[in-house]
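Structures are listed in the sections that come next.
Heads up, the next two complexes both have subunit A, just with different partners, subunit B and then subunit C.
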Partner chain A sequence: MSLLKPNRWLLYALLIFFAFLALLPLWSCVVTALKSSKEVILSTPVTPPMYPTLGPLAQALEYLKRPLLNSLVLVGAGTIVSSFFGSILGYVFSKRKIRGCGVGFVLIVLCLYIPPQVQLIPMVRVMSNLGLHGNLGALVLLYMVFGIPMCAFIFKTLYDEIPDSYTNAAKVDGAGTWTIYRRIILPLSVIPFVVASLLQVTIIWNDYIWGLVLTTGMDNLPVTVAMANLKGSFVAEWNLQMSGALWIAVPTLVIFILLGKYIIRGYSGK
Partner chain B sequence: MKLPKMVGLNPKRKEKLLTALIVLPPLLSVFFFFYCFSGWNFFISLTDWEGFLPTQNLVGLRNYASLFHDPLFWTSLQNNLLLIVVFVPGVIVIGLFLAILLDRKVRGEGVFRTIYLLPFALSFVVTAALWAWMYSPRVGTINVILEKVGLGFLRANWITDPNIVLYCIIAALIWQFAGYSAIIFLAGIRSIPVSQIRAAQVDGARTFTLYRRIVLPQLRPSFVTAFIIFMCFALKAFDFIWVLNRGGPGYSSHILGIAMYKETFGFDRFAYGASYATVILMLSLVIVVPFLWRVYRKDRP
Partner chain C sequence: MATLTIKGLSKRYGKTPAVEDFDLHVEDKEFVVLVGPSGCGKTTVLNSVAGLFDIDEGEIWFGDELVNAPARKVFKIPQKREVAMVFQDYAIYPHMTVFGNIAFPLSIRRTSKQEIETRVGKAARLLEIDHLLDRKPKALSGGQRQRIALGRAMVRNPKIFLLDEPLANLDAKLRVHARMELKKLQQELGVTTIFVTHDQVEAMTMGDRIAVMNNGRLEQIGTPSELYTEPANTFVAKFIGSPPMNLMEGSLVASDRGPRIDLGFSPSPHVLSPSLVERIRGAGITEITLGIRPEHITIGREHLENSVEATVEYAELTGKEVNVYLDLGGEPLIAISGSGQDLEKDERVWITLDSRRIHLFDRTSGRRIE
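Right, the complex of A and B next:
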């Protein structure tokens, strides 16, 4: 056993080293966000603040207040609608094998790999025709639909774990498609809903390109776009930039820390 | 009481109608936003449409011809290939390594796994800000740390140096995705039957041999999954680089996604931008379609 010991030491040393690498930029962000502009210049980017201040965080919040609210609206609307439809489609793909289901499902999965670049121009066109271009409404509509493929995929994979005998037994008793969905599938859907909606929340919250292309004016920007603007206009004020980054990062970090196992379920199956 | 039947609404039909009413709206909107848009984008690439002007004339493949004569297209493609060639194997190897470390019956495995996954929780806008700070030449984290530990000679201009900017970006992206890669491989390792690993151990296989002979060959599906996901990401990548430095300095980190965005929304050359987008789509399909074909062919009745 004494031979194994150095191995274990090396193992933990490596694990800690990688943890250090993973955390270093975050650490540097947090300590810098808590420093005054003067202290940023006088101290190193990794030393904790000697005179911690909430000034930059407050200033960044003032700037990002409205965009944070906008993103919250997007997350709410997009997550609810796309996980609801995702659940129904997942059920149909998993338990009601209608003709064409196989092809339909593959086409849904393929959507996950279609690069957004091919959708940008048509989307801008459609949204201007609908009079929504520049508006938050354009993004609300978009996220309601864009989450559906991923949600359908997640629900289908998780519903596949429910034995067909459950639904078949109900079918024999004469229950219709939607009675089975309501009475049998939905009560077993708590975890699928948690997995799908957490994924949607983080994806919509973090998304950038659609807000960049479709919205204008502070009242409509999602928080990522506002943050990118902040980064552009306060180039040398690192404490302000890191504070802004922190406001956007905290919600998803909290989700990953507290509910990471559901996120992992969603991502490791893909 | 025969009336409802006469109208043709027997329960079976009613249910079918209901199913169609519930399932079709989401299916059709997805179809519209993904497939119709892809087709529409291709159509636009065959026109001379510029910006929001109403005039649109079909010009055939002229945009693609100009694309192939555009040095900027080749620069972007070359940069994009470099991104793929370094990023994809890099994130796969590091992810696999992390997964193997985590699989060694580690105390606090959950804590390490969560820490490795944290960068993946962040928006590219956030990570671009974090890495701009890391790489900042004068006061940035990396240069300051190098100075402090006596490696000052390694100081560099990082993202303002056109020769290494792309590698700096790749390093940051690997940082962001390594944890994701690790959970793909960890799930793969955990799905290998324990009995096989036990059997090899009984036969006296050393750890290294065990991984090379038993574990790695069975991780094929994980390798394929990771490869597809990261390839597709590298082809459509945009956010991180755009926020970090707009594809600069000069054109040194200009990739296809950046070029598409700039042509379209910077110079209002919509049709030309659409042809860039089509190239990105085609490259992605070349990678994804064979994969989906293989995975789902056997599912068909």
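Right, the complex of A and C next:
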């Protein structure tokens, strides 16, 4: 048996403490979701339920059914379209190197740093002019376009790892730009597609502000916005809110646990 | 089949010149090796021929067809040049099988399936990789990958083969074998070939002719024996041959017995015959560099006429020969002697330079004095 040094003990104690702190809200969320309304009032948010019930979970799901579907549509459309265009842009920036390409890439990356708050009012006006305001279509279009810069960035950095000799060899062998993309680059893009899709899925799924300002009516709400409506007008129904929060958090939670290493690749560009 | 002519090729990357005023003519079916230290511009020449970029100045002709001339705004894209290239890393596509890799140039030309199978099969049999066709390249060895790359290059009967250090990634033993096979293959196929390497042994053993490059310029082009026996300048003299040629600095001085060459070490020997001295005087040069290949130095234990005393620094047995590192009055010198001779460190020996095999260069320009 090896004895740990005192400072190691301290380190582990701190790490366990922080892990506990981080997990506390999730714990509280799960136990509260399993309590009846009465028990929520009578107990603290961290005590386990005495009489566990699935009632609030079922009730919340019934309420969030349509918004969950809406969010699925948004995630699907936004992810597929922006990763496809991101992949083509990434290919051009990484392998075609047309004049002015570097500046173009910097401009695209800069788009990532424009805060949404600045764009709120102009975007509402643009969508109204397009006749899409209040509609789910507005969000579909927005996520498709807004996802492209980030996807282009991810694809470019990961395509940089594909040796230039692959594209040069294909060129000498007679392949044009599109053939090289289709026959060489695209089949080697599994990892960038996974990375870009994961990031897109989590960003779109968790987004709140665009759904709030661009959509109206229960039929058009994404799940995060609908969730906010669960809070109740006069009495706070904590168990219902926590159930809703669980339904929303579970998909991203699963993705992070199973595919987290790809997300880290996306952020680090490695 | 085709000849290749490069006239006055220049290519700059930003402001750094990579190749300057480069001329080369390659005959039909000839095997020309471009050799030089890393960064000398040899790959740039190869990429220019392939058309991977437009050159800055000069002209490139395939036979009587002009493929690149910036002055006349001619640039034929690589897809249409009918050259095949093997890259240093082989550029084997990892997601395709060996068959898919070799068939790639044919399949994008929409060759019929039957034709593709016949031609890939033929190439694979010639390269002895026909048992690997269904495999993915991931698990294959360096030698096998190199063959796949060669297969992909030869399957479409190109006009010109461009090979960019295809043997650099192989282990030493395989490299010697591959050298021979590649040369044999080129002769069988009869395709005009340019082969780039930084290894002078590869160049000497494979090339019909060798073009030595340095700092983006062509130093000399000739057959292997021409380069070895008559290097045009000190760079080629030093680059070709292993161990390299010994170069010593000397000057023409007057003495009471007529002009002689002072090589800086004393007592100054009569190594230079009067005819050599005449050659230097005839060229009107006083500062020279004298070159002698290691195998043209004889090591003896007794003083002979024209021999000089030197000290053994280190002896390196290579097998049938010994490379002897000598100290000649402060100048390092390498000689090759038979393995029978036992030489010890710090031993005093007498060395004789074979005066018929002495090379003379102008020290300022580095050029050979004829």
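Quick note on the criterion: the second predicted complex is superposed on the first by the 260 of 270 C-alpha atoms of A that agree within 3 Å, B and C clash if a C-alpha of one lies under 4 Å from a C-alpha of the other, contacts with A are read in each partner's own complex, and residues count from 1 in each chain.
One rule holds for everything that comes next: a residue touches a chain if its C-beta (ideal position, glycine included) is under 8 Å from a C-beta of that chain, and two chains touch if they have at least 3 such contacts.
Please read all numbers here as calculations on a predicted model, not as lab measurements.
Novice: Determine, for the superposed arrangement built on subunit A, whether subunit B and subunit C clash or fit.
Specialist: fit
Novice: Touching A:G176, do we find subunit B (first), subunit C (second), both, or neither?
Specialist: In the superposition, A:G176 touches subunit B and subunit C alike.
Novice: Looking at the overlay, what does A:W9 touch: subunit B (first), subunit C (second), both, or neither?
Specialist: The answer is neither, since A:W9 touches no partner chain.
Novice: Residues of subunit A touched by subunit B versus by subunit C: which partner has the larger set?
Specialist: B
Novice: Check the residue A:L188 against both partner chains and state whether it touches subunit B (first), subunit C (second), both, or neither.
Specialist: In the superposition, A:L188 touches subunit C alone.
Novice: Could you look at A:V106 and tell me whether it touches subunit B, subunit C, both or neither (first, second, both, neither)?
Specialist: After superposition on chain A, A:V106 lies in contact with subunit B alone.
Novice: Which of the two partners, first being subunit B and second being subunit C, lies in contact with A:C29: first, second, both, or neither?
Specialist: first
Novice: Per the contact definition in the header, classify A:I209: touching subunit B only (first), subunit C only (second), both, or neither.
Specialist: A:I209 sits against subunit B, while subunit C stays out of touch.
Novice: In the combined three-chain superposition, what is the angle centred on subunit A between subunit B and subunit C, taking C-alpha centres, to the nearest 10 degrees?
Specialist: With subunit A as the vertex, the angle is 90 degrees.
Novice: Who does A:N168 touch here: subunit B (first), subunit C (second), both, or neither?
Specialist: second
Novice: Could you tell me how near the closest CA atoms of subunit B and subunit C get once both structures are overlaid on the shared chain, in Å?
Specialist: Minimum C-alpha separation, subunit B to subunit C, in the superposed model is 7 Å.
Novice: Considering only the contact definition stated at the top, list the common interface residues of subunit A for subunit B and subunit C.
Specialist: Residues 176 of subunit A touch both subunit B and subunit C.
Novice: Could you list, by residue number, the parts of subunit A that touch subunit B in their complex?
Specialist: Contact set of subunit A toward subunit B: 11-12, 14-15, 18-19, 21-26, 28-29, 32, 40-41, 44-46, 85, 88-89, 92, 96-98, 102, 104-111, 113-123, 128, 142, 145-146, 148-149, 176-178, 202, 205-209, 213, 224-225, 227-228, 231, 238, 241-242, 244-245, 248-249, 252-253, 255-257, 260, 263-264, 267-270.
Novice: Please name which positions on subunit C make contact with subunit A in the complex.
Specialist: 47, 50-52, 77-81, 83-85, 87-91, 93-96, 104-105, 108-109, 152, 156, 162
Novice: Can you name the residues of subunit A that touch subunit C in the complex?
Specialist: Those residues of subunit A that touch subunit C are 163, 165-166, 168-176, 179, 183-184, 187-188.
Novice: Give the list of subunit B residues in touch with subunit A in this complex.
Specialist: Residues of subunit B touching subunit A: 11, 15, 18-19, 22-23, 25-27, 29-31, 33-38, 40-42, 44, 52, 98, 101-102, 104, 106, 112-134, 136, 139-141, 144-145, 148, 175, 178-180, 183-184, 186-187, 225, 228-229, 232, 235-236, 238-239, 243, 256-257, 260-261, 264-265, 270, 273-274, 276-278, 280-281, 284, 288-289, 292, 296, 299-301.
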